[in-house]
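Two complexes, one shared chain (chain A), two partners (chain B, chain C).
After this line comes the complex of A and B, so read on.
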C-alpha cells in the first residue's frame, strides 16, 4: 500500500498549529525568540514604513561620518548616508539570505542524511564521499570560486527571479551547497542508530515501505536535530554572506548587514571611533542569531514529547 | 479493498464477528484457502543461520499444528529455537537466516514456497506478533493511537481517519481508555505499553497471533493482568495464539497445549495437563523440577547441569544425551523418533520407543539429579 502524500496534513486540524504556537509562546525563551524575530520580520517586510524607500537609504544627504544626532539617530557613513536607514533596509537582504540559505542547506542535508543513513550501501558511500569533499575544501574559498563562476555563466544579476535579484539567489545557492555536508553528516549518524531500533523493524513488518519509514519514523525522531542545526546554519549563512560581500561578490545595490560591517572596516571606522557605523549592524546580527538560538531550544522542547512537561 | 463499513464498526462487531471464527472474519480468507484444512500445520521446519562461515542449525525439523481458537505454548531454555521457530512461519528472520526445509500451511495454503512479495500479504494481516520489550517497539515521538493505526492503514488500506478510529477502539478493547490513545509511549506505564502492542497485533484481525515473551520485563501483577487480558481476548475473539516464554507457569495458565523444545528440536508436545502432570521426556522432567512449586514442600530447585549444545555442531543422536541422566548407548548414535501416544502427547526419546505403552518413567537419581537435591 503506497503512502498517500499529503494525507496527514488533511487530517490534522488547524487548531493543532495554533495550540503548537501557544505552547511555544508560553515558554519565556520561546516568547522572546518569537518577539525578536517578529520585529525583524516586520522590518524586513516593510522597511519603507519606518525609514522611507530604499532610494533614500542609498542616497547620500548628510555630513560625512557624523555621530548620532536628531536628524540622523544612528549617525552617517563615510558618504553621508543615514546608518539607521541603511541598517533597516539591510534587514531584508540579510534575513532573506539567511532564511533561504538555511532552508536550502537543511533540505539538502536532511534528505541526503536520512536517505544515506537508512538506505546505506553504495548510495551512502557515494553521498558521504561527496559530503567529505565539501567538508575538506575550505567553504569560503569554494564559495568565492562558485559565486564567480555562476555569476559568469548567468550574467550579472540585475535580473529578477520570483521578485528576488538573481545575484542573491546565487549567494543563497552557493551557501546551500557549501554547508549541507555537516548537516547531512549529523543527521545520517542519528539515522544510523535509529534504524536499528525495534520500532523501525516493527514498521517494516507491519508493511511500511522505506519511504514510509523514513518519513513517519526517522524524520520525526531527527526533527530536534534539524531545528537545532538550522539555528547554527542561519548564523553561518549570514556570516558567509558577509564575507562574500567583503570580497566584492555581494550586491552593492542591495545593502546587507555584512556589507555595512565590511564598509565600516574598509573605512577604518573602529580606528576613527565611529562606533555608530558598525554597532547597529553587529547588534542586529547578534540579536537575530540569539533569537534563533532561543527559538531552537524552545522548539526542541515543544517538538520532543519526552522533554515536554506534563500539565 | 475490504468492506470499510464493517471494519470500522469496532470492537463490539469485532467480537460478534469472531464468535464463529472461520469464514466470518473481518477480512475474507485468502482466495485459495481450503475451508476444511486445519488453521496452521507446520511440518519439518528447518531454519539455519550462517555465522562466520559455519552453519547454525537453530531449528531442525520442527512440526506442530494449531487449531482455531487454540493456544499453543512453546517453552525451553534460551537459544533453543523458540523465537526462530515462530518467526520462521512468516520468514521474519535476520538476513543471515534461511528456512531451508519444511512446510508451513495456513488454511492449507503453503507459505514456505511463497515469494517474499507474496508472503507480505500474510504478515500481520494473517499472522501477527506481540513483540517483547514494548518500549523499543514503539516510536517515542509518535502517538500510540497512530502507531496502532499504522498496520490498519498500510495492510488493510483503510483511510487514515477510519484507521485511527479503529485503533482507538482496539485500544479500548485492550483496556486503554480512548483518550489515552493520544499519549506518547513514555507517558504510559509498562503494562499499558504492552497492551498497546497487543492492540497492534490485533489490528488487522489476524488468524494467528504470536506472543514472543509478551510478559517478560513486566512485574508480576502486570504480568497477571496481561495474561488475563490475553485470556479474555481469546474467549471473546477466539484468538489462535502461539505463546513463547521461559515461564512455565504462564504456559500452564494460558495454553491448551505446550511444546517443549531443546536445541532446535521438539522434545515433548501435548495437552498442557498431560505434559506438566506426567512429563515423559527427561528434559521436561528436569525443566519442571527446576521450577518452584508452591504446593509441594520442596525447598531446593533442581538445575540441569551443563549447557545447551553448540548448534553449529550439535551432538550426534539425541541432542540432549550429554546432559541426560537416563542416557543410553543408543542415545549417542541414533536420533530418537517422535512418537505420539494415546493421550495425544508426542515424545522424542529412546525411553519411549514406538509401540511402547508410553507410561512416564522416573529418572534415575544419578549424579546429575543429585546435584539438584530433590528428595
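After this line comes the complex of A and C, so read on.
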C-alpha cells in the first residue's frame, strides 16, 4: 500500500475478511497453520462426537496399560482408560485454557501498553519497569508458587466456573499475570509512534479526551499488532499450561495434554516402553504450538508488512 | 567503560533482586492462615498458649511493616532463607546447596553446547539463505522450539534408554555402586549425564539458531557489508569479519534475556531423568507445599539470571560503545 505524505503511515486491515483469509492461506505457512488448527478446533468443540464421553476410573473398561489394539487404537492407561478417548478430550481442555489465558494476557498487555504509551510520564516509567522485571525473572517458577498459593487460599473444591474447574481457572489467571509484559512492550512502542501522528493531534486539538483518543484512534491502529501477537501468546500459553500440568498442577478430573504427560511420567511409561501413553498427547502439543508459530509468522507478514524488517 | 553506565546497570540488577525479595515476603504472608499455623497447625495437641508463644518467639506478633519486614530483609541478606517444612526443619540454604551442583553441571554444559551449535547453525543458515541447510534447519528449529523440554526427554528416554538400552534410565550415578578409581566414576556419571544433556542442548538449540539467523540476515543488509562486498572481499571474509561480529552482539543479549524463561522451563528435564538438581527439588517441594524451599529456588534462580543479564549487559556495553550513551 503506497503511503502518501500527510497520510498516517499505518496499514489498516483490508476490509473484507474473505480477502484477508485468501491472502493468509495463499502462503504455505499460513495454510499449514490454519489446516492443523482447524482439525484441533473441531476436536475441541465436539470431542464426544468422535470418542464418546470422557472415560473415568469408574467407567474404564479396558485392560491396564495395554498396547494399541483394534478395540483400543492408542492403547490404555494404568486405569484401563482408552488413551484415544483421553487425548481427544484433553484437546478441549488444553485449547480452552490456552484461549482464556491468551485473552487475559492480551487484555492486560494491550490496556497497559496503550495507556503507558499514550499517557507516558511516571505511569509509563513504572509500568515498563514492572514489565522488564517480568521479562527477566524466571516467571515459570513464580507461576508455580502463585498457582499453589492461590489454590490454597481459595481452597480446592469441585467448584466450576463456566464448566471449567476452579483449579484450572487459577492457571488461566496465573499465566495472564506472568506473561503480559512482552505484549505490553510491543503495543507500547507502536502507540508511541502513533501518538505523534497528525490525526491523533487533530483529535486532541478538537477536544477529544485521552480515553476517547486511546479507544477510537490508537486501538484500531494497534489491532493488527494485537492479533498477530495473540497467536504467538496462544502458543506460549499452551506450552506454559502443559509444563504447569506436568509438574503436578493439572487437574486429573479435567485432564489436559500436560496432565496426561504427567500421569504417564508418574506411572513410568517411558521406562516401561509404554510409548502409546504419551506419544499421542505429545504429538498434539507439538503440532498445535508449531501451527500457532507458523500462523503467527504468516499473520505478521500479512497484517504488518512494514514491521517486518524492524525488530 | 563509562562509570555511569556501569552504575545504572548494577542498580537495575539490584532493584530486580530487591523486588523479588519483597515479592517473596508478600507471598509468604498471603498464604492461608498464617505461617505458624502452617508449621504447627497440623500437629495434634497444639494449644492456644503454644501458638501464642511461637508467634512471640518468631516475631509474628509484631506489625508486618516495618518490624517483620526489616527482620525478614535482614535475615535474607545474611543468607538465612528459613527452614524447609519437608526436610524436617533443615535450613533452606543447606537444601539448595545440595542440589545446585547437578543443575549447574547439566545446564552449564547444555547451554554451552546449545549456544555454540545454535549460533553456528543460525549463521550458516542465514549465509546460505534458502539453501538446504537453511530449509531443513529452520523447519527443525521450529519443531524443536514447539516441543516442551520434558517431552523431548521422555522421547529420548524411551528410545535410547528403554528401547536400545544404551544409557541408564534415571539418576546421576548407579545406586550403590563402588568405584575403583575416579575414571570409573566419571564414566558412570557421563553415561547418566548423556541423555539429559542432549535433551537440554536440543531443546535450546532451536531458538538460538532462529535468533542468530534473523540477526545475521539483518546484518547482511547493512551498508558496511555492502561496502565490504564492493571492496571485492571474498564472501566468507565478509561474513566472518564484518557481519558475524555485529550479529553476535544482539544475539548474545537476547540469549541472556531469555535465560530466565528458558532455565525455568528446562528444569523439568531433570524430573524426567530423576536428575537430583533444583528442578526435581522444585517439583518435590511443590507436592509437599514446602513454600520456603520453593521461594528459595525462586530467589536463587532470579539472582542467577539477573547476574547473567548484568554480565551480558556489561560485556555488550564494553564491546559496543553505542549502547553506553
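Just so it is clear, the second predicted complex is superposed on the first by the 217 of 311 C-alpha atoms of A that agree within 3 Å, B and C clash if a C-alpha of one lies under 4 Å from a C-alpha of the other, contacts with A are read in each partner's own complex, and residues count from 1 in each chain.
Convention: contacts are C-beta pairs under 8 Å (C-beta built on N, C-alpha and C of every residue); 3 or more make two chains touch, one makes a residue touch a chain.
None of the values given here were measured: they were computed from a predicted structure.
In the superposed pair of complexes, A:215 makes contact with neither chain B nor chain C. Shared-chain residue A:23: touches no atom of chain B or chain C. Once the two complexes are laid over each other on the shared chain, residue contacts for A:203 go to chain B alone; chain C is not touched. In the superposition on chain A, A:165 makes contact with neither chain B nor chain C. Once the two structures are superposed, chain B and chain C can be ranked by residues of chain A touched, with C on top.
Residue overlap on chain A between its contacts with chain B in one complex and with chain C in the other: absent.
Put simply, chain B touches chain A in their complex at residues 92, 120, 123-124, 129, 131, 133, 136-142, 147, 150-151, 153-155, 157, 160-161, 164, 184, 186-187, 200. For chain C in complex with chain A, the residues that touch the partner chain are 15-16, 19-20, 23, 27, 30-32, 142-143, 145-148, 150-151, 154-155, 157-158, 161-163, 169-170, 214, 218, 221, 257, 260-261, 263-265, 268, 271-272, 282-283, 286-287, 289, 291, 294-295, 297-298, 301-302, 305-306, 309. Here chain A touches chain C in the complex through residues 129, 132-133, 135-142, 144-146, 148-149, 152-153, 155, 235, 239, 242-243, 246-249, 258, 261, 264-265, 269-273, 275, 278-279, 282, 285-286, 289-290, 293-294, 309, 311, going by the rule given at the top. Chain A makes touch with chain B in their complex at residues 1, 4, 7-8, 11, 197-199, 201-203, 205-208, 212, 216-217, 220-221, 223, 304-306, 310.
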